[in-house]
Structures are given as C-alpha cells and as structure tokens.
Amino acid sequence: MTDPRLTPEVPAQQPVADTPIGVVALDATLADVGPSRSLFEDAWRRFRRNKLAMFGLFLVIFLVLVAIIGPFVVQSPTKLSKTVILEPPTNQHLFGVDNKGADIFARVVHGIRLSLFIGVMATLLETFIGIAVGALAGWYGKWVDSVAMRFVDIMLGIPYIILAYAFITVFGKGVPAVIFALAFTAWLQTARTVRAGFIQVKEFEYIEAARALGVSGPRIMLRHILPNVLQPVVVLMAVGVGSAILSEAALSFLGVGVKPPNPSLGLMVSDAQSFLTSAPYMFLFPGLAIVLTVLGFLLVGDGLRDALDVKDN
Amino acid sequence: MGRLLEISDLHVGFRTEDGVVQAVRGVDMSIDDGDVLAVVGESGSGKSVTALSVLGLHPEGRTNMTGRIEWEGENLIGAKGDRLRQVRGGEIAMIFQDPLSALNPVYTVGKQIIEMLQSHRQISKADAKNRAIEMLELVGIPQPQRRVDNFPHEFSGGMRQRAMIAMALSCDPKLVIADEPTTALDVTVQAQVLELLVSVSRQQGAAVMLITHDLGVVAGLANKVAVMYAGKVVEQASTDELFDDPTHPYTIGLLRSLPRVDADGDDQLVPIGGQPPSMLNPPAGCAFHPRCAIARSESGCDSMMPTLFDETPAAIVSGTTGPAVDRSGHGAACWRRDESRALLGVVGA
Amino acid sequence: MAVFIVRRLFSLAVTLIGGFTLLFLLFFTLPSDPARVISGGNGRNPSPAVIANTERRLGLDKPIYEQYWNRLKDTVTLSGISFQTREPVRDMVAERLPASLRLAVWAMLIEASVGVGSGVLSARRRNSIADTVTTTAAVVAGAIPVFVLGYLLTLVTGVYAFKHNWPEWAHFPTLSTNYDADEWYLFFIPNLKQLELLVQPAIILASVSTAIVARLTRTTMLEAQTADHVRTARAKGLTEKAISRRHVLRNALIPVVTFIGIDFGTLIGFAILTETVFQWPGLGSKVARAAGQSDLPVVLTLSMVVMLMYGLANLAVDISYAKLDPRIRLSGAK
C-alpha cells in the first residue's frame, strides 16, 4: 500500500545529484494560473452559455433574415385582392387575408422589416445624442452638467406618450417623424448612463496622468474614457432597439405613428380591433411578430448585460 | 489545560467552473484553554478558509469539506443544524475582517447584539439591551447607552470593530475566532484593537484563534503560532520557539522580511522571491519547493508532501514511522528540517 | 426634514414649469395650426375666414408670450376650457383623475404582490424549474406590448369564453362603458360589477411593471443572500428563517420598494395604452385624444396633473427611502 503522501505522478525515488531546484522551477508556477482570456472572449463565452441569450440572438438573426429576404419572396403588402377578404390562413395566404383584401403574411414580413428599420435607426440616433450629451455633462461638470441634467429631468417628468405626441405633431406623421420622436425620447437614459460612466472614470488615476501630460480634453474623452463606458451603452443599445420597436408599435396603434397603408405591425393590431371576434388571425400574427421581435432584442440585451458584467465570483 | 478545539486532517475544496480549488489540503491544529493561537500566512494560504470551516460558514453548494473538527467531543463537520447553531455564537464566536460590511447597515448595533443574545438565551429585550450596553462599555466605547442605538456607519472604523468584538463576546463563548480583524482598519488603530481583542477575550475566559498575514503582530499577543502555506500548516510552535528557532524555510524567509526593532542598521530586509502557487494546480510534493533556496529532488522536496512531525522519506517508504512523536511540540513540514537552520544561516538557539 | 421637503417641492415646481414650457413650445411651433385643426375638424379644409374666426375665439391670435401666460394661469388655477368641446378642464380632471388613480393603485398592488412574491421565490430556489419558469415569464412579459396583451386577454375572456360557454363568473365585459364612479367604497374598493371592469385593465397595466419587479427582486435577493452581513448573522447562530427575513429580505427590498414607488407615478401617466384598449376613463386616454386635436388647454393641464402626480410620488419615495435605509441622509446628498 503506497503512502498517500506520495503524490501520484511520481514513481519511486531515483538518486540524483545534489542540485538545488528552487530557483529554476520558479517560472513553472506562474504558468499554472489558468488560460488567460481577453475581455471579449470571456464575454462571448459567457454569452454563449446563456441559453436565453442565445435564443434571443437566434431570433434576431432569423428576423433580420426575414426582413432582408422576405420582401423579395412575398407579394406587395399593399396589393389588395379583388376576390377575397377576411379569410383565415390557407395555403395561398399563410396568415390569412385582412378586411381590405391584403395578404397578412406579406404585411407581417414587411412590418418586421419596417420595425427593424425604425428600431435600429432610432436607436443609433438616440445613442449618438445620448453619448454626446452625457459625455459633455459628465466631463465638464458644473453648470453644463446641472443644466443638462435639469433638462433631462424635465423631459423624464413628462409622460412619454405625450412627448411622443408632441414630437409627432411637430414633425408630422410618417416614418422619419417616428424615428425622430423615438430618438428624442430615448436618449435620456443613454445620456444618464454615459454621464455616470464619465464621472466614475474621470477620477481614475491614469486619466489624471494623461491630463498632467497635457493631452487635451476631447482626446482623453475619446481615447480613454469612451471605451470604458461602452459596455453599458452596448447593452442599452440592444435593449433600446427592442424598446423602440415596442414604442413604434404603440404609437402606430394609437394612430400617431406610421401612416397607413404602410405595413406597421402596430397599425395592423389597431386595424384588427373591430375584427377580434370574427377574424382573430388579423390580430394574432402581427401581435406575435411584435412580441418575437422585441423579445429577441431584449434577450440579447440581457445576455450582453450578464456577459459583460465583470464584478462576479 | 483543557483541549478546546482539535482540527485533524482538514481538507476543503471549492468547485469552480475551472475545476476544484483545493484551498486546505490536510491541516492539523489545536487550541487549548487560555491559548492565543496565531495562524499566519499569505493570501491564498488557506488560513481564512480554515477559520471559516470551524463554524461551517462556506457556501453550501460548492464546498467539499472533510476531516475532523472536534469540539466538546463531537465533530463539527457534519453536525446537525440545531447543534451547529448552538455552537455558533454561543460557544464559538467569530469576528470578520471588515466590520462595515460584516454588520447589517439597516439595523442599529444594539439591535444586532440583542438579536444574538436572544437567539441563545431566554432573555427579555430590556435585559438584552442592558447586556449590550455592558459589552460596549467593556470594549472601551464611550457613551455606550447612546451608541447602542447608533447605526454601523455612524461609528469610526476602530469603534466598529470594537463593537463587533463586543457582539462576539456577548454570549460568553469559549473560543473567539478573529479573521484578520484589523486588516481593514487604519494603521494607527490596528495595534489598539488587536490588544483589546486579546485582553478582553482572555478576561472573559475565551481562547483566541487569530488569523493574520502579519507575523509582526504575533510576537506580543499570541502564545502559539501556526504558519500556513498553500493550504497546509508548514510550521507550528510556541511563539518564543518560532522566533528563536524557526525551522521551515518559509518561516525563516518570513522572519527575514520583517522589520525588527532590534535589528542591525545594516541588515537588509529580504523578501521571498516568486509567487504563491495556484491552488487549482498546486506544485507536486512540498508546495514551497519552487521558491525554496534549499529544496532538492533527492530529499523528496518536489515529489512528496512533508508533514509536521514525520521522519525522513525513507522511513515513510519503508513503513517505519519512528518513535511516537509529541504533536503539540514544535513541528515543521520540511524534509530538510534537520539541516534547514544551518543551511539558511539561522543564528541562535 | 421640513427643509428637505420644501426644497424638493420648489425643485418640483421648477421642473413642472419647465415641462409646461417645453410642451407649450412644442405644440406651438408646429406646422399644425391648432386653429386650423379645430375649425377644420376631420380633414375639411376651412377657409381662412373661418380659421381667423376660430383664432380670435380661442385667443390664438394674441402674441405668444400673452398666450403662454394665459395658458399658465389657466393651468395653475384649473380654469382652462377645452378648445374642442368647450368643457371646463376642471370637470375633466375631477372625473378622470380618480379613475386613473384607482387603476394605478390596483395595478401597483398586483405589481407588488405578484412581482415581489415571484422574485423572492426565484431567488430562494435559484436555478430550479420554478426559477427558470418565472424568470422566463418575466422576460417575455416585458416584451409583450401592453395592447397586444390586452387584446389577447379580451380575446380569451370575452370572445373565447362566450364561444365555448364558460361559467358566468369567467365572463368579463369587453367594452367597459359601465364605469361608475359612485360604485366605489373608500375611494379604492370597487363593488362587484366595478371589480369585473377593473380586473383586466389592472392586470394588463401591471404586466410590464410586475415583470420588472420580479426580476429586480430576484437580483437584489441574490445579492443580499451573498452579502457579508449574512455570513455574520449565520456565525451568530441565528436560524435560517430569521436570517432570511431580517438580513436578506429586509435589505433586498429596499431598491424594490423604491422602484414600486416611482413606478406609481409612471402608472398614472403611461396608462394610456391600457385605457385605450379597455376604454377605461382615465387621464391618459383623454390627453392622447386632446393631443391629437391640438386641444391645448386640455393637453397642458392634464399633462401637468400627471407630472405633478409623478413628482409627488418620487418625493414620497425619497422621504420613505431615508426611513428604509439609515445610510441615506436627507440633506440631499445622494
């Protein structure tokens, strides 16, 4: 029976010359620390393991494909059949026909495309504005900050729908107006987050060092601080697209969004109101499309948040 | 001299996504009535883990703990919930490193002491509060009747830790385990608080197990020392013996890196080269061998794990373990324990 | 404390005036001329004479700063008159504010009980089936637009129930023009008929908030469970129940309660979608319609009322926050 204190890998002792092994073996231990990873690889690994997040990613990719390829495959969303209206799903009309004679499937596909387009554009715009305002407020501080934040507070205090209404009435209805309206209400959150990030990072020593060396303000902002703040912003963007799509649907539903006969999913739900009993498919399919689209982005956003969260375990 | 606590062959491993981290790899330790045992080691040596093991405070799902922690005749590892709860606070109390995070910020200090008293004794709230005030006074907190209703953040760091000490002693425990109690404090109050801890504990009749990374504080306060490295105790001795007659190369290295009041002005502080090992994949044999100046293969340093009291590798292999050894004496886990002092140039006794 | 409240009220007033101004400007700088909209009605193109007449009648021909002042005065004293219907705004507020409040309170109750309950459950049984189900449900609920969920619910309870002859108590009226303000006790307790009316919109309005609260509670609970002071509590020999109640839950609920409080203000203002789907006579739907018609007095006054509620809710939250978390000092240092 071998003594358990004999570590397993080594066979019985061989007499060796009397050599000190201490110093030579030093470096060996450092290699034992474990596989080193960059931040992105680490985050991606964690994201990949999150089942919900991967599902969300799959949804998003699927929907993007639908949006890109779909319009070439289906008929025009505004083409009205002269022969049928209000028909439940058939082989010819996968989702059925609505009360005006349009193919619901085609409208849904185009609707997804429109939603994605509006969502992404609005989010890009709001992120840009948000970063600009947040960075300026966070970096320069003092009165710039106070004014900016007071403005943000005021805007936040106004019920969002009313603000959206106001913007729509300024810009009129239609897709560009919706994009602007969504962007101008959504940048507030981004601005706050970016500002907080700037305030935090501003204090870090290496920033002070850069300052001491005479690097200019904007340069420090861009090169050093922004990359650090990027993490929460990326999450906000992903969630933001989902949120924008949701808002667009809501606005269109209320009649102040996209103009008919544009195929907005929200509009479709609104149109389906009176036909809830007789033709539930008019409501169900666009509704489902909205849910899946928003869900995809929200899941991805959540997954990103968890994956990029450094402080754990 | 009663033996209070005996830890035998303690192994603690944590399951992580990268594998099992063996934080404690076979530790023996004992505490007697009236002892102040200092457990010294670097970060990652397993000293805190050992301390937390006594009361079973490791996260349940991910911990593998085996061995024997004997208290009042029973093994605390595997003790039933009710018994463990009785021991916690009532017989063995614990003090943690950062009093600000260790105390609940939304309750007053008094309430937190009262809560502890009421879970171990049948005692009215009023009586408990009085006892709490008594204890606060005992640890030197001025105006205890007022401070008992203060929140943790209203105390200064040193006062906060004193309050924790008061709380720990409130139920008359027989042993106080202090996990690096002064590391989070201002340097200027560290000595004060430590001395208070030891004196008040002894006054109340409790032994102390003091976890620290600072060998310097040990000298005036502890009567026994256990030096830990990479999850094992590498040397144990009475304080005097350790300082006069250090045997393990790690201990010798530690002492050499300490500034000493009585040192020659020309003596250099010698840090120990290298880094502590990864506990995911510890070195074979003696964990210290990669950094040890006198380690060599033919002594078994890189292949066999030495223990505190055993004889040479040859004796182990041949099955003879030599005469019965007194395990409460001065032990050092080094294959070259008989030559280390000479080889490393240790002068004295 | 009193100083704090006064200062915050002042700050609130400034914010309200700022919001008022912003809205006023927005509605004023529009290509859409209120006078034209009002005299034109449904897309008819009114003659310039008619428009001019309308302008004079409604005071829209006066210089902007005078209009601003008039509107401001009217709003603060609740004496405005709707451009469209000539109905006093005060009556609208009196009629619709209670309805909005009731809906919001009930939604908040649902949000608090279901949200916190499921969040705590999730955290206690982390990674179990119950946890996965609740978390997934919460995420999905946050993705479903309120109006989709609303119609879905009506589809099920109204249409489906009728078609398949479900028992009487499962029938919920789909069109609720039956709201009767007098049938409520103690302001917030509905009688049976009103309850039928209330259930669906309350659940729908609460849906998104409940989802958020559930996830927030789960997160804060998980954090609280691994906090250092929990380890200390365990080392003191407390029972798991006591630890869970006094040291985990109590601490975890602080951010949650804060959120619910702030969300209350949101519920009042953002209920517009729910109100539209269920035709609940609250402030939201009224404002929306008025905004579409450029009915300035209505829009401005009702918006101010909503903003005031929102601001007061925030203030209440801030005050109670100091009670909940002793680390917070009311001096305004956040």
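Quick notes on this structure:
Think of it as A, B and C in the order they're written, each chain with its own count starting at 1.
The criterion applied here is as follows: a contact is a pair of C-beta atoms (placed from the backbone, for glycine too) under 8 Å apart; a residue touches a chain by one contact, two chains touch by 3 or more.
Note that the structure is a prediction, hence the values are computed from the model and not measured.
Put simply, the chain nearest the middle, going by average C-alpha positions, is A.
Using the mean of the Cα atoms as each chain's centre, the chain most removed from chain C is B. For this pair, chain B with chain C, the centres built from the Cα atoms lie 56 Å apart.
With centres set at the average Cα position, the gap from chain A to chain C is 25 Å. Chain A and chain B have Cα centroids lying 49 Å from one another. Residues of chain C in contact with two or more other chains: none. The residues of chain A never reach two or more other chains; the list is empty.
By the touch criterion given at the top, residues 14-16, 18-19, 22-23, 26-27, 29-32, 136, 139-140, 142-148, 151-152, 154-155, 159, 269-270, 272-273, 276, 284, 287-288, 291-292, 294, 299, 303, 306-307, 310-311 of chain C touch chain A in their complex.
By the touch criterion given at the top, residues 226-229, 231-239, 242, 246-247, 250-251, 254, 324-327 of chain C touch chain B in their complex. Residues 55, 57, 59, 85-90, 93-94, 96, 98, 101-107, 115-116, 119-120, 151, 153, 167 of chain B are the ones touching chain C in the complex. By the touch rule above, chain A contacts chain C in their complex via residues 52, 150-151, 153-155, 157-162, 165-167, 169-170, 172, 242, 246, 249-250, 253-256, 266, 269, 272-273, 276-277, 280, 283, 287, 290-291, 294-295, 298-299, 302.
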